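What follows is a set of structures for review.
Each of the next two complexes has chain A plus one more chain, namely chain B in the first and chain C in the second.
After this line comes the complex of A and B, so read on.
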């Protein structure tokens, strides 16, 4: 291990320790009755929004976007735009009614809305699938970061991060999860903002060179290839805009809001926080066009954020900034994968392992078993599957979420006539379509032309397909409309102040 | 050989077997609405299945005054159905109605005769089942009688359900009533002691007392959020601290993530009241009370712990089993209500021994179907 590895190693260890410490002791200070009100106060929208931001900004946001922009140019800006705008759709259509439904997870919502165990089971399956699809790139990113920062072998990253996440989740280290994740957001923002500010000063000092930033259509916001490029771009936009609401770890966080109004406020703050963060990866990409052309040639664009400080600055300055971005990157997949692992193991506990372990042995054993399953399988998959690109595989997870949970949530909240059979058929159509495309892509099957585009970016055809199947089958089974649908929708759309 | 066996397994038995399956299936379809009691809505949903079961052109269900539901042809006999229903209700036995009584002049109307059988629950007649057919047969009389007996059984179960719900409601009411007497008396005494020495504090305590009673006596809603419940507990503890002063030390450790969890109304407060009583009233040293709420993913875990005299585990077991002769009255009630709301997996867990204090653990799922504020 060389001296260059020291700042990265220190950063990784520090982030892990601080995360564990906040998670374990965040709320351990005792209070007396005189400040009971502080103790029993619900989580404020600002804090909750920071926590959502912390959990949401994954390795794909921290590392992937800058790399994609460096290679692909401005059409890749749709990733950060879509990841942010997804919350706008969530805010307008879903946030408050979902909170008022009282559901903690997406399967909970499906069961409450449609009163069907079968739909619940299908949703649980999808939550686990989407969670795993989303965890794989996180662990891949971990491998990338550890190799770049401390020269560890490729397999070390997934195993180390998987181990830390597993220890964290099973030991109760995520007990005060809101504080941990809120801390992670601000850490990530600092880790991306401070280095880029310094690097911009350096760039200014160099006489503001342009490099190749403006050349060869780099700044054109639609992918090339005519019709296929246009399809790919719109499919990506659709998948990202509509997929956010179906991410298991995002929905779970909304439960912490005391009411629908707080859920909306939280979403607005999330939009602002994400917007603030996503301003900076494109700046890295633009600076990369000037200083890091080498990475494109070597096909290592994903490590741009990690390497740019050293490419632009020598000595201690470069080392410190490298340590900071490494800390941010490590925080990114630690927080996202912890959140996902909790969400996935929660669903596994409720619907699978409790039955295996037996209720008498208590919930803790069942939860631990579920957590092991939830983490080990994507770690193994990350070791087997290589080189899909962090942001693209996250994009596939979004596509599956958009093709399944988005129609279920939107129709479930806004359309009284949705039936359990219709929901099941729609989930199956969307899940098989988008999930099949995702698996084919992950397995390395990439035909050229339209077939490749349809498989690589499935959202544009799977979302309408799932929604249409849901509507048509529901209309065909109109006599199976849940008896409580009308009452439930009134509950979803009535502000709490009126119903009390 | 093999194909023969497969073929035989694929068949649904003899003609008689299949008729029995059909009858059982129709009965199972009619059962859920009838289990809601005898109303227009439930009768309308059940009557179609009853007609399939009887295989007659028309079937009616009445209560003691009017026709609730009619299925099949010849609905111009609706008014007569109410009248013939009264007859069977008066006598309390099955009656047949002949052509003369129905006196139908409409051409092609299949309703010429009928059988009226009363629905009897606990010796009371609730209504009738009426089957109409072109000609009277002994088989129809027997079938109608059997169907009426079966429907009566379902209605009896419905009454049991309603009875059980009323019991639980009464228990909730009883629990609210239990809070008041000791506590109201003690609190008012404690407040009175401050009126001259510290009028401002006395006023504050009175306001807390007012808020506490408003919450405890509220009439609507079976559920509340943990945040609301804790707020009420805070007021309760302020009032108890006014009475005990430094002898009561309270420590809280509440994860904010679990505050929106929906719990049965007044399910934590009795546990705290028990802890205060055990932790203080028979102990010389300072009473330590600890309330902890953890976030465990899809569940919230609450612990109420005191360092008081403790309790014989066997006595606690009996209290949880519903033996009301014990001191810890609230415990069994809270346990029963938690189980009724969330299922048997979510009962109270009590860790205690004489002289070792008491710790009561409550697990609550973050979501349960039908449990909303």
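After this line comes the complex of A and C, so read on.
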């Protein structure tokens, strides 16, 4: 191992130790099953928003976006904008009602709303599927980061991150993870903000040169030419705007708010925190255009954030900043994978492991068993499956979430006549459409022209398809409208202050 | 630390069928309750649609605008190319502003609803004679 690896190694060890320490400290507050799942619903908006921000800013945000912007130019700006705007859509359509539904997880909500075990099972399957789809690129990105930063073998990243996540999740559940993730938001913001401030000073001192690396039309915010480019851009926007509300690790966070009003206020703070973070990856891309032409030529733009400090700054300064960005990247893997592991474990606990462990041994043992399953399987998958792009897998998870849970949540919250049969049909249509298109794309099937665009960015046709199927089948089975639908809507939309 | 309150979660299969709150008319299937609920739902949904409409008109039309007038992408006010300024910087305060206005209005609608229902028929916890 060379001297160049020292800052990265120190950063990874420090982040790991602090994460475990905060997780252990949080354990003092975790006693009941409710603590493990939803931190007993006592998390205040400020802390909760930091935790949501920490959980949401994944490897794709910390590393992926800057590289995509450097290579692809302004049309990639829709990723950070879409990831933030998704929270506005979530705020106005589902935040407060979802909290008031009183359910622990997405399958809980679906079952309570529609009174159907079949819908519950379909939702559980989707939560686990989307969660694992999102976990695999996190573990893969961890392998990439450890190799770049400290020259570790590629299997080390998934194993180390998987181990730390498992230790944290099984020891303290949601309550301890809340503290860990709040800390990790601020770590990530510091780790992206301080280096970029120093590097901007360096750039200014160099006489503010202009860069030319990257694509032609670097400032053009539409992907490609003509109708296909416009379709691709709008489909990406639709998938990102609507997909956020369907991500299992995002939704489970809303149950930790004390009430619906706090859920709304939390979301506003989240929007501020995300906006504050996403201001900076474009600056890395712009500086990379000047200083990191080599990375573009070598097709290694995804490590731009990790390598830019040393490309611009020699000696101790470059080493310190490299350590800082490595710490931020590692925190990004840890927090997002912890959140996903919690969400998947929660669903597995309720639907699988409680039966295996037995009720009398208690929910906590079942939760720990579920967490092992939730983490070990995607780690193994990340070790077996190589070279599924981080941004590609993440975009896929958004498209599937937008085509399944988004129509289910929106119709379930605002439309009394949704039936279980309609929901099942819509989930199947959206899940098979978006999932099938995504699997085809990942398997390397990429026809040209319109067919390629429709498969590569399916959200623009799968979301309306799923919603239309849900509405039409519900209308056709109107006699099976759940008897309690009206009461449930009352509970979702009336302020808690009135029901006490 | 803030004060810790032990709140155990609801059992899993209860939300179906049993009302969790006591709202008189709104919970009972009376005509008056129906009117209340419909008006609350319509107001909240209308507000949500207006906010989403504002989002569609501002951010949502940008790809179309740049598609129709590609020359705009070359403008660079403040030394930053226009698309980068709009999407990289200005989009974020816009989203925050929309969210903040939404929360204020949604809470106002809920207060008005609480006043309406509360004045019409005092809840079981009130001191009304």
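Assume the second predicted complex is superposed on the first by the 464 of 500 C-alpha atoms of A that agree within 3 Å, B and C clash if a C-alpha of one lies under 4 Å from a C-alpha of the other, contacts with A are read in each partner's own complex, and residues count from 1 in each chain.
The rule is short, and it goes like this: contacts are C-beta pairs under 8 Å (C-beta built on N, C-alpha and C of every residue); 3 or more make two chains touch, one makes a residue touch a chain.
Keep in mind the model is a prediction, meaning the values are calculated, not measured.
J.: Output check: A:178 vs chain B and chain C. Expected answer is one of first, second, both, neither. What do you get?
T.: After superposition on chain A, A:178 lies in contact with chain B alone.
J.: A:271 contacts which: chain B (first), chain C (second), both, neither?
T.: The answer is second: A:271 touches chain C but not chain B.
J.: Give one of first, second, both or neither to describe whether A:349 is in contact with chain B, with chain C, with both, or with none.
T.: A:349: touches chain B, not chain C.
J.: Quick one: classify A:367 as touching chain B (first), chain C (second), both or neither.
T.: A:367: touches chain B, not chain C.
J.: Go through the superposed model and pick first if A:487 touches only chain B, second if only chain C, both, or neither.
T.: second
J.: Between chain B (first) and chain C (second), which does A:108 come into contact with in this model arrangement: first, second, both, or neither?
T.: After superposition on chain A, A:108 lies in contact with both partners, chain B and chain C.
J.: By residue count, which of the two partners contacts chain A more extensively, chain B or chain C?
T.: In the superposed model, C touches more residues of chain A.
J.: Taking the superposition as given, does A:256 touch the first partner, chain B, the second, chain C, both, or neither?
T.: A:256 contacts chain B only, not chain C.
J.: According to the stated criteria, A:163 is in contact with first (chain B), second (chain C), both, or neither; which is it?
T.: neither
J.: Common interface residues of chain A with chain B and chain C?
T.: Residues common to the chain A contacts of chain C and of chain B are 32-33, 37, 40-42, 101-104, 108, 111-112, 115, 350, 491, 500, listed in rising order.
J.: Can you list the residues on chain A that touch chain C in the complex?
T.: Residues in contact with chain C: 29, 32-34, 37-38, 40-42, 44, 74, 77-78, 80-81, 84-85, 87-89, 91-93, 96, 101-104, 108, 111-112, 115, 217, 219-222, 229-230, 233-234, 237, 241, 261, 264-265, 267-268, 271-272, 274-276, 278-279, 282, 286, 350, 414, 482-484, 486-491, 493-495, 497-500.
J.: Can you list the chain B residues touching chain A in their complex?
T.: 225, 227, 230-231, 234, 237-238, 241, 249-257, 259-260, 262, 294-299, 345, 363, 366-367, 369, 371-373
J.: Give the list of chain C residues in touch with chain A in this complex.
T.: Against chain A, the touching part of chain C is residues 2, 4-10, 12-13, 15-17, 19-23, 26-27, 29, 37, 40-41, 44-45, 47-48, 51-52, 55, 59-60, 62-64, 66-67, 70, 73-74, 81-84, 86-89, 91-93, 95-96, 98-100, 102-103, 106-107, 110, 113-114, 117-118, 123, 125.
J.: Considering the complex alone, what residue numbers of chain A touch chain B?
T.: So the residues of chain A touching chain B come out as 27-28, 30-33, 36-37, 39-43, 101-105, 108, 111-112, 115, 175-178, 255-258, 342, 345-346, 349-350, 359, 363-364, 367, 491, 500.
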